[in-house]
Each structure stands twice: as structure tokens, then as C-alpha cells.
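Working notes for the structure below.
Should a chain be cited, it is by its letter among A, B and C, assigned in written order, with residues numbered from 1 in that chain.
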Amino acid sequence: MLATFKHLHSLFVMALIVAALAAGAFMNARLRHLRESEAFYRWILAAAVNERLFQEDSARDQDLDLYNRCAAVMETMPGFSGLPAPDDANTGELTALGTIAGNYEQDETIWNFARSAEMEELRQEFLALARERKLRFAQDIQYADAQAGGVNVFNLFFGFRKVAANFVWLEVDRYWHQGNTYRMITLMRTCVALDPQFIDAYLIGAWHLAYNATARMPDTPWPQREWHPRYEKCLGEKERFYYTAVDFLKDGIRKNTRNSKLYFDLGFSLYKQKLEDYPNAVKYLTEAVALPHEQYVPRQLFLCLELNEQYEEALAGWKDYAARFLDNPVVQEVAPRFIARNEGFLLENRAAELRKKARETADSAEAERLNNEADVLWEQARAVWESINDPFGEGRKMRMEALDMRQEGRYLEAIAFLDKARWEASDLFNDFSDLIIEIKQEAEIPLTISEKKAVIRESEVGLCAGMPEAEKEKRLRAAEALDSGL
Amino acid sequence: MNGIVSFFSGPAYIALYTYREGIRKKVLIGFLVLSLLVIFGSSFISSFLDPSSETDIDLKLIKDICVTAISIFGVLITIYISASVVPGEVESKVIYTILSKPVRRIQYLLGKFLGAQMIIIVNLLLMGVLFFMALYLRQGVMPTLLLWSLLLTYFEFLIVSAFTFAFSCAATSPLVPTIGGLFIYITGNLTEYLKDVEHRAGQTGQALDKIIGDIASALHAILPNLQNFSIKMQIINGQPNDPPTDVLIPNLILYGLVYCLAGFACAYLVFWRKEV
Amino acid sequence: MSAIIKTQRLNKIYEGALRGQDVHALKDLNLEIPEGQIFGYLGPNGSGKTTTVKMLLGLIFPTSGSIEIMGSKSISSSTIKRNIGYLPEGAYYPDFLQGEEILAYYGRLYGLKGKDLKRRIDETLEMVGMQRARKRLLRGYSKGMRQRIGLAQALISDPSILILDEPTTGLDPIARKEIRDILLRLRTEGKTLLISSHELLEVEMICDRVGILFDGVMQTVGAIDELLIQRDMLIEVDGVTENIVSEVATYGVKLEDRIGTRSKFRMEASSSMYDVFELCKSKSLRILSVTPRRESLEELFVRVIGAAEAARR
């Protein structure tokens, strides 16, 4: 009897082991599924960011094709197609997938989509492509790395990789102090390849590239510039650094789609401060604001909106911002000034619009009425600038005076006034100079040499090496047209 | 109910005394001191960085180094403790005095295993608390994500511990199971490669290679894959509310428990008729 | 008198790597230990004593045969184990603990707690004379103190069966005496003791029954008075000559020692006292002394083992 008991007992324990191992195998499969889905999910987010913001396409990689097929599958899935889109997104151009991915609060939805049974086929295809390194946005999947085999064993251990990234960064720091910029860039790339979640490496790296490395660089003359096919611009050395920084940050964004700091730096430090590309600045700062962000982020967005002449949005934003931080003295001091500024711009613009309408209309009574209405707005704008009572307000007031003179046909007087005023209101120097040129052209007064040069510079008609023929042709035409105008 | 209480009271005392004995081991204290040195040392390494740039890089550096240090020293502590609690008593013959008491072998094993876990957890907590403090002093914010990372680290250790424990039950001295434990840890981290073996073996089309491939595939399905726990490195520098992480954490905890059960059952199978 | 420990045809084979390396440590052992006695379990090193004890405690398992303790065959059940105290040979104890802590630990494993536990700790410490050292760490104990605390832990649950493996080895004479006294006192309390030892003198002094084991086989077993009952007669006489020596040999009398004319003869216990006197009278020998002599346990042991070794050869 004892022997039977022993036998049964052993059997029972063995059955327990087998059951536990079976449960383990089940969990193994489950975790495998989850981790594959995680990789897939992160790739979808990266590809959606590309669809929504970067719109880059590379013939070599198959990201776009696979992404479009994923998006197509989503359209057919009843649970996902009818989801509410975020209010401010221009949903017309985006796929449903892209729209949902645009709102970080719906990450859960994307995640459920990525792990769903319907996506099984595409998920496997994704893994196969990632293993073959045919997906640009999925190059950092440790999971795929391990399966590709022959990877550094360190990859797998303890997260040594991430620690190594830190030490590489110490080296980057050293090169920076030595002024060895080019070597620094290579190492920076190594660093983020080791640890793609190294946010600060992207931020500081891009900052070094855009600011410190280019600080003492002279402008490159046009003939020595080179054409950049992706950005469709002629880049000198300085600009090349700027765009390297842009690319570096974009790379970071693809790998960390939900980090507002990266969007902020791309929008503010690069597009606003360095490239003065306000539409793009607004685009990325909007993204930064849409994610959990620091308190100062919206302020930069509103400034960029103003610079991009989106006064209504800026005004609404400032008002909302001021209402949200009632107990913050800085906000309460700054916000009213900017609210007033945007109101001033809006009033000026509306007056200008009415005047334009009045000029176009045939009915003189109607024109009279419109002009009167415009005058009221014009005076309101002047009152706003008055109330702001700072150099900027003063400058705007002077600008209005000059415009009044121009309205009355007192061109020379206006030019003289502006010429004097621009030295007093240094904030608006460029603005006033542009206005002088505008008035001179309107009054058919010949431009000075430097003014002509300024016009040409602004018009981007320069030619550079590597430009496609069509572009070259287009720019030559434009230059001729401009030349004849002068 | 009464039966359950009396069944677990024996293991509870054994666990308590195992813990009290284990916590005094010099090797353990050595590991602990080393890891503390690394945790504090990481603060000094960050001083190599440009002090003028106001960034969080030094924080990241400390986090990465500390989590790695905790992993390495923690796993060494885990292996050493799991490999020595039972063979140590066999060697010193203390086991005779215990097993001759009204203590079932399963109770003894349970007590020893729980005692080992207590030692491991206390060590992990000690390292974690210091790390936590080092971060808190610098950052001024509670690094809550760190807690998740430590939790996952523990469940990874739990798997290593259970299998090392099973190994140690078959041994009479702590040395062999310690080496075995390291082997288990390394193997557990490399199971992902088995998939690659399967893939490559499938390419030749020969019968033998096919068998090797099948074996690799079966092992890959059954063996615990410790690489699954690598998200512990991602968590500390990541952001909260990441849906995959939220799903992975409970699954990984369950994973740890399931393999712990498998390891413990193996230990019992080895030990229940073992002649001491 | 019922047997409290009983084994039947108990066999133990330690398996080696190869069949030829198997060690047959116990062969068909039949052991019966009656209640309330001190049983001396004797045998040279490697004879299988510790194997038997370990099997009784469930530390190792018999290859075949059965063990019955207190009438129950499920010897690993806690009801049986609760009644057994065990002092292993040269065991180490967790030496980071104080004397009384270790008793508390082991007491708790027996299920003792609270006041009972405290009372038992006090009693056992008192019994083994360790009251003063109760707060000291085991690390600082001498060998004798360790042995005493070992005895105390075996006694903590007030068991009815005590299994002691070499309880007095390595102790000084006074400590031996004290331990002996404790063991005798335990017997008066009605406990059954199994003492495995090769300290024959000690065993002879306190045991009621002995069993002698050699090469895994029980050679002799019985009450100590029965085993040592063969009495010789030792006669010391004066005036012995060579002729007389050869003549008395035919009567079954052996010469033990001879100095000049004085000799010691040994006669078998069966021969009668009158015959001896008759013989001496007829040879005109002067009787100096007549001593009836009991065999010592040592002599028995050597004789039994010697015979067994001879038989094996």
C-alpha cells in the first residue's frame, strides 16, 4: 500500500510539474504575443507620426506600404472605424488609424488594434520585415534583433546596452568640449542606437548641432550651397547642421512618439528660433501641447501662432491659458499683453479687409459705409496699441500712422517717417523696412541697391549645386520676373 | 482552517530562522556593500558631465547604472542564497535535527524557500531604498516608476531562485548549484536564440537538423524567457500610462509565479524521497 | 512488555554508480525495543547503527522491510514524530542563535508555543544544567555545552522515545557522569531510550538491553544481565607443578596466569564449587581465593565481533 502511495505521490508531483510547465508555455506564448504586439504598436505610432507630421517616403523601406494596409484593415473593423476624432485635427487627409494615433489618450485603442486577432497576419509580416531590416521606423526592436541572431550578446543582458549608452554620452560630452563636432555627431548616433529611449541625448544633441556647433559659422554663399532633396532647399553648412538636428529630433520622435519635449524642441528651438519656419513651428508645438507638457509650452505655441499670423487661434489660446492659470502671477502678467496684441492685429486686419472691399465695390454708398466701419476698427486698433504701452505697441502705432499717410497718398512722407521710426522701434526694424519697400513699389519709387538685394534674398530665387532641372528653371523664371519688376 | 494554520506555522518558523541565519552571511553583506558602492558611485560618474548644462542626463545615468547594479548583484545574491539554504543545512547536519521533528518535507522545503525569498526581498529592498533615496534627493520627485521596475526585477529573480533551489535540493554542497544557478540565469536570458536555432536548422532540410530544430522549438516554448523582463529597463526612463507596459506588468508577475511553481514542484520531486 | 520500536527484515542498500559498488548496509534487521528501557545499540564504525537510526527517523528510507513505532507504520506522521526526540552525532546547530532561542525554534517545530514553550525551555535547561548559559550565543559554547544543548533540544517536546547518537563522545568524565545521570532519570520517568554508541563502559553502566550490530547484521541482542551471565570461576592457588597443570586440563580447567608456584585457573561457570575444592584437596593445593567473575561488555563485544569477523572470512 505504501508503495502505491509513493507511486501516486510521485505521479501527482510530476503531473503538477507538467501542469506548471504547460502553464509556463502558455504564458510564454502569451508574452511573446504581447511583446510582438508591443513592437508592432510602437511601429504603428511611429508610422502614424510620419503620416501625420513628417510625410516622408523612402523607396527603399516598406513602412508606408505596410502602414497603409494596416489602416485599410482598420477601416473594415467595426470596433475602430467609428471612434471620435480629436477636435483640432484636420481629419480629412488622415486615415482613421492616423487620426486615432494623433490623440495620445487613445493609445489604448491603438494597442488593442495592434494586438487584435484581425491583425495577426499583418503583425507577422511586420515582424518578418523588421527582421530583414526593411522597416525604417522599426529599427530598434530588441525582440527582432534577438531573432535575427548573431547580435552582440550584451544586447540581451541586464540592459547593459542602456548603460553603455550613458558612457557613450560621456564621450560625446568630452568631444563637445574639445570642439570635435563631426566626431560628436557619429557618437551621438551610436548613443541613441544603443538606447533609443534616451530623450536627453536627442534634445541636447540637437541643441548642440543647431546652436553651439553653428555659432561661429559664416553664411554660405549661394553658389556653394547644396540642394537637399527631402527638404527641397539649398543648404549651406549652417543649414545642414540645422537640418541634421531636425532629422535627429524626428528620429527621436519616431522612437518616442509620446514625448512632448522632443516636439517642443523641434518646433521651438529649431523651426522657430533657427529656421524661422513658423508653419512648421506651429505644427510641432501643437503636437507638444496635445501631449502632457510643461506649463511654458503653450506660450511658445501662441507666440508662433502670432508669428504665423494666426491671430484668432493665438487670441483664443491666450485667453484659455490665462483662465486656466489664475493663480500664476507670471501668466497673469504676460497673458493680457498678448491678448491685447492679438486683438490689435485682428482689428488692423479686419479694417484692412474692409478697406479692400470698399475699393473693390462699385457702389459708392456701400464703399462709404465700409470705409466708415473700417475707420472705427482702425481707431479701435490704435486704442489697443495705446493701451499696451510698450515699445511694441508704440511701434505698431507708428506703423499705423505710416499706413495712414500711405492711404492719403503721402508716400514720401510715409517713407521718411518709417525710415526714422525703424531705428527707434528695433523690434519692428525688418517689418518697417519691408513696408518701405512695399510703399516704394506702390508709388513706383526706385529701390536702393540694398533694398533690391533684400528683395532677392527674401524671394528664394537662389540657385545651388545639385538642384533638379525643373526647380532650376522655375527659379530662373521667378528671378527674371522679379528683375523686371525692379 | 486550523489545519491550514498548523500546516503553515512550521514553514513560517523555518522561513524566519532561515532568514535570520541568511541575513548574517558575510558573502551577502559583501554583495550588498558592493552594490551600495555602485549606487553611490553612479552619482560621482555623473559629475564627469558638463555641469553647466541643466539637463536630466545625470539622472538617467544614475537610474541606468543603479538598475543594472541591482540586477547583477541581486541575481548573484539570489543564486547564492537559493543554492545554499538547503545544501548548507545538509552539510552542517542541522537538517537532521529539523527533519526529525514533526515537520513534513514539503513544509521544510516551503520554509526554506520562503526564507530565501525573504532574504532576497530584503536585499532588494535595501538596494532599492538607497537607490530611491539617491534619486529622490536629486530629483525631488517620487520615482514611482522605479517601484514597478524593482517589482519586475524581483519576479525575474523568483524564477531564477525557484530553479536554482530545485537544483540545490539534488546537491549536497552549495557550490555546484551556485554554478548551476548562473547557468540557469544565462540560459534563461538566451532562450530567444533558440528560435534562431530553429530557424536556421529548418533551412537545410536534413532530418537531423529538423529534429534539432524541433527540440529547440520545444525548449523555446517551455523554458522561461527572462528576456521578457527586460522592460524593467524601459520603465524607469519611460513615461506613465503606456498601454503595453500596463498589460505586460501583471502578465510578467503571473509568469514569475507560474515558473516559480514549476521550479518548486521540481524541488519537491527531488527532495521528497531524498536521503539526507 | 510491548515493543515500542520494532523493525522487521529491514534492509538498506546504498546504491553505487555501478551494481558492484552497492553497499548492503543493513541485512534483514529485526529489532525490538521494549518500552521504558534503555537500549544500547552497539557496533563498530560502519556497522549500520546510524543507518538504522536515520531510518527510524525517516531521514532515509528502507530498501525493504518495515518499521513500526508505537504500533504505527506511518513513522513520518507528525503524531509519531511528536513523541521522538533525537540527538544526532556531532550535529551543529544554527550557531548565530542563543541557547534558549534554539530551544524555542525547535520547540515551535514541535508545535509548542506560548507558556508551554517557555516552561519546557526552563525545564530542559534546568535538566541539562545550562541555565546560566541560556543567553549566550551557540558560537561561544564548548563541546560539552553543545552536547548538553543538543540533549535539551531532543527533550524539548517531552518525548516518550529518545534516540541518542553518541551522547557522551568527547566529553570529560564529570560531564559524562552528569549526562548518565540525566539518562537514568529519564528512564525512571518511563521513557524509552535508544543509545547508539561505542562507549561500552557507559552503555554497560546504564543500559537494560543491548544489541550488537556488525556488518549490517544483528549478532547478539538481549538483556544485559542475560548476555553477561556466563560466569567463570577464577581460583588462585599455591603449589602448582607442571604435572598438575596438564592433569587439570582434562577437567576443563584452564591456566590463566602463573608466577612460580602461584597460579590462576579459570573454570567454567557450570562446574560446581565442591568439585573445585575436591580437586584442590586431592592435589594438596592451597586455595588462596575463589572469585566468581562476570564477563565485561567489552569482552562480550570483542568476542562477538571477533566471531563474526571469523565467520565472514
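One rule holds for everything that comes next: a residue touches a chain if its C-beta (ideal position, glycine included) is under 8 Å from a C-beta of that chain, and two chains touch if they have at least 3 such contacts.
The model shown is predicted, which means the values in this text are computed figures rather than measured ones.
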Contacts common to chain A and chain C (chain labels): B
Reference chain B; chain at largest CA-centroid distance: C
Chain closest to the assembly centre - both centres taken as Cα means: B
Gap in Å, rounded to a whole number, between the CA centres of chain C and chain A: 93
Chain A-chain B separation of Cα centroids, rounded to whole Å: 44
Chain centre separation in whole Å, for chain C relative to chain B (CA means): 49
Where chain B touches two or more other chains at once, by residue number: 273
Complex contacts: residues of chain C adjacent to chain B: 54, 57-61, 76, 78-79, 81-82, 84, 86, 88, 90-94, 96-97, 105-106, 108-111, 153, 163
For the chain B and chain A complex, residues of the former touching the latter: 45, 48-50, 53, 55-57, 60-61, 64-65, 67-68, 71-72, 189-190, 192-193, 195-196, 199-200, 220-225, 227-228, 230, 232-234, 237-239, 241-244, 247-248, 251-252, 254-255, 258-259, 261-262, 265-266, 268-269, 272-273
Footprint of chain B on chain A - complex, ascending: 6, 9-10, 13-14, 16-17, 20-21, 23-25, 27-32, 34-35, 37-38, 41-42, 107-108, 110-111, 142-143, 146-149, 153, 156-160, 162-163, 165-166, 169-170, 173, 176-177, 195, 197-201, 203-204, 258-259, 292
Of chain B, residues touching chain C in the complex: 6, 9-10, 13-14, 17, 20-21, 24, 92-94, 96-104, 273, 275-276
